[in-house]
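So, here's a batch of structures to check.
Below, chain A partners chain B and then partners chain C, in two separate complexes.
Moving on to the complex of A and B:
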């Protein structure tokens, strides 16, 4: 019944042993951003839509979860659930407006809407403005798993991540996913075959936004903090970088990209090169776009195909 | 019960005792590690940044480089003025690198996030440059020590004497985020308490470059004093606009938070004559001059108040470890609160139960160009404000103090 591919199995095993080898919070950060990038990749890689406003969904998930858990004392699983739903609803509104346009206009519409969301979070009284929400309690999952223990938190994040991974994999291999790819390859043709292209795009947008919200909600519990950084357009740019670096339109690419970007940032922020972090990331981006366009995983797949098939 | 042998029980108890003894005394990880977390390359880099690292290094060297026979280590990182970046670094330091205390701490948002983590992990947060008074009131923790200054001291030091001298109508140009709001709130209260009134406020986003519309609002308000509740480049830009529009000719302009590097960067024509409150000035007496000279030799510029504060608090912290015989946070904090810090920076000082370090503040005037004998000669100290007058009484907002 369970049709698990070799690569997925490797991912699960690596995920299970990672906290014993690496610092758990670091791995959790990679998983959260990995999920975020995978959600983004669902749109960019499989429908061909470049959203430049995904930070809004990451931020919404984070803020809603943070607010509910901190102010109303909701349990973490419900907090994550409502954070995800909130991001999905926002995605439904944004998506409805954005899918009417294509290409650069689509990107600009999402960017503009995300900026609206950003300024809402900046000014709204419950978000704490520039300070963000701090000291969000992790709480106990289902009433008996204490998330303050970092291993419990880790395996919760891993479960959330694998759920997101499964959902995305399921989506792109479903008939629905086939239609999405058809839209990516040739939209007029998909339209002429009788598919309501805009509705397909809209549903994909909602799934992507919800998963981005799920990543934001989980991240908020990990770091016990929701801040404007998550909703800022820099974050929307960063997720583009992660996806392109890892390999757009591949299942594992965004995760590899997120892991690379987070590792580079982590490594640089503590060292002498801390001041040049943005320049270095920019150079990497340029090199990636110029030299290996299909990203780390994409190039690897090409290499395997060429030499071992 | 039969299965438990007496020897086993005895050894278990012995082990338990030795573990608790290890917790109660000694140095964790065989080294005292101090983490300096600050903005190293952004808008606040000049007022703490690398200078704070230098100050902490000097404090450690002056202390002899070791305490209780164990070496003292310093690590530092750039928080980029982002709460999440700072929090991630702090968490990593405390979880994996065995850091005992985090100092530096500039932007109030970062400090807020970091102090939540230090509270959770039971490690010390030694705050050198943050302005918000929340860390010793609403968001206080038994692990916080807030040195140098806060918004209350700025308002009491700068606003109060001006209101009392007859400047009753106030207008605020405020940085539109938590720090600006806190500063404006405290300052407005001081204005009202002394019989003045706030005739208007204009909120400018952080990083505004064109202040003309805000200055025009201030000009048409009929205020006696226009107070700038902002800092860093916002302060510099808003003051320059005020001068360009001739606001300074008709009304007083008060800078509520001015650091020496900002004052130094401004043209004396623009800033000369302005009065402000500071926690430290290098040219106060022989002691401050001697230390500042050493600092300048290493760092290249005169110390800002937070940098001098970082030296003072590190020294006090290390002395407390020596006396407590351990680097365990609660024991060290108890000694820090019991012993009065006394050095070139901390005058008539003590660390209050809520973590606020109360010490003498200074009301200074920015010198005009003709009064300056060298580029570092920027302030004239007009008045020493006794600590209790500046920081005010301890408010009943800190839960752990009330519960004791």
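Moving on to the complex of A and C:
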């Protein structure tokens, strides 16, 4: 327990000094995807549910925030709030339908519903279709913090990220989280103890979708862009990769995985290997699944346990 | 006529694609008794349990609990009514500690199981009761160990402690001594005897020594239907039972 708080402290300190060492936009990208992957991991790592449609919530957060801020002149804080709520509501609908299914069927239902959302965003008049929404203003937070200043934007993103991190950590270590773990460990047994497991899965799904939306809303302000990429099924696959690479079912794994993927992509996309990016990510994925299943953080924890206990 | 039944089934039937696994079963489980369900492998015993707890939907027939029809209730609801089952394959939560396994059962009645914004420290007030339950099955000293690392016998005892945490009126045990060594069999059957004091137990059991020791009444299931019923003497002297089931294990009865 002490160890975890220590690592949280390290995370906060690193977050505070990062923009003086690295490009702020680069770190903000990592934080947004890190939050997205952590939200996804709440389902995969702690309830045992593989959603293959989380891009829908990232995209919904992004589009709703982008639309409200750009077209109605809403403040960034309310834009983010409503983007998050919209993703949460969509999560409530998708989740209700998906939690009735198990295993691969759960994944298929989430994928199918996310494809519906994708085609909606492609066709809807306000999303800009293939081009997406561009030039979304960052605005002024709470009326006095100008987000066009890159450090102001950075610390806003950090605050959002830490809020998401705190909420996920709290959820995992709550009475609710205890039931989720029981469901992950042995669903029939949880049922036979009188828990309506589908209701618990549903609430977890809504929390996860909302936080994925929060990541999307925040990302939209950072890049001043809401695009179809975020709602595409590739993105649903990428978050699986991030989580597995970093270590599913660990608190920090998804963040480490997101940082790794974002770094690799940034590094490759500039150079001549840019065309092979999907193949390289695919190879990493295969190696990760076959060779070190617990992911970076999981393997690290095993190593520490073996050598320092 | 005036017998007091906790559980009754009326013409219970379960068909799987034309194959009748449970065929017109009428069970009457008396309050406060230990009722054993025996029969050869594949007779339909586990299927009956799955029907009673709605892990399977009956094709036809009725299930009565305390005289009320519970045929259309869902699994979790039946558990909350007081009918709690164990599983043939030991049902524990492997990566929770031994204590947490019991506590998660105690937690349900606290009404905070959806509170994701609260620290799980609020559950610590259940620890005393959890330790008490673990103590009753001889596991108190292992409370903080991870369940997955425990030997099989301990897992089965933990499963019973977890079930007891719900204080069920009717406990359904599916082969609680299966796969156990001689010593574990003795301790688990003593344990079942002990916990049967304030409740009714319906159990599937292969070990006839355990059945003869524990059961007040025995129903013999064969190919989905009840062959005969009665106490151990009656059932074990029935020639059809000997043929169908006991014939192959004469030395066990001796």
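As a convention for this text, the second predicted complex is superposed on the first by the 305 of 309 C-alpha atoms of A that agree within 3 Å, B and C clash if a C-alpha of one lies under 4 Å from a C-alpha of the other, contacts with A are read in each partner's own complex, and residues count from 1 in each chain.
Here is the rule we go by: contacts are C-beta pairs under 8 Å (C-beta built on N, C-alpha and C of every residue); 3 or more make two chains touch, one makes a residue touch a chain.
Every value quoted in this text rests on a predicted model; they were computed, and no experiment measured them.
By the touch criterion stated above, A:23 is placed in contact with chain B alone, chain C being left untouched.
After overlaying the two complexes on the shared chain, residue contacts for A:132 are found with chain B alone; chain C is out of touch. By the touch criterion defined above, A:141 reaches neither chain B nor chain C. Of the two partner chains, neither chain B nor chain C is touched by A:90. Of the two partner chains, chain C is the only one touched by A:182; chain B is not. By the document's definition of touching, of the two partners only chain C reaches A:191; chain B does not. Looking at the shared chain after the overlay, A:160 reaches neither chain B nor chain C. Against chain A, the residues of chain C that register as touching in their complex are 53, 55, 74-77, 79-80, 84-87, 91-96, 100, 103-105, 107-108, 110, 112-120, 122-123, 162, 166.
Within the complex, the chain A residues that touch chain C are 170-171, 173-179, 181-182, 185-186, 188-197, 199-200, 203, 207. Listed in rising order, the residues of chain A touching chain B in the complex are 23, 25-26, 29, 128-132, 134-135, 150, 223-225, 227, 229-230, 269-270, 274-275.
Listed in rising order, the residues of chain B touching chain A in the complex are 40-41, 75, 77-78, 80, 82-85, 87-89, 91-92, 95-96, 108-109, 112-113, 116-117, 139, 177-179, 181, 206.
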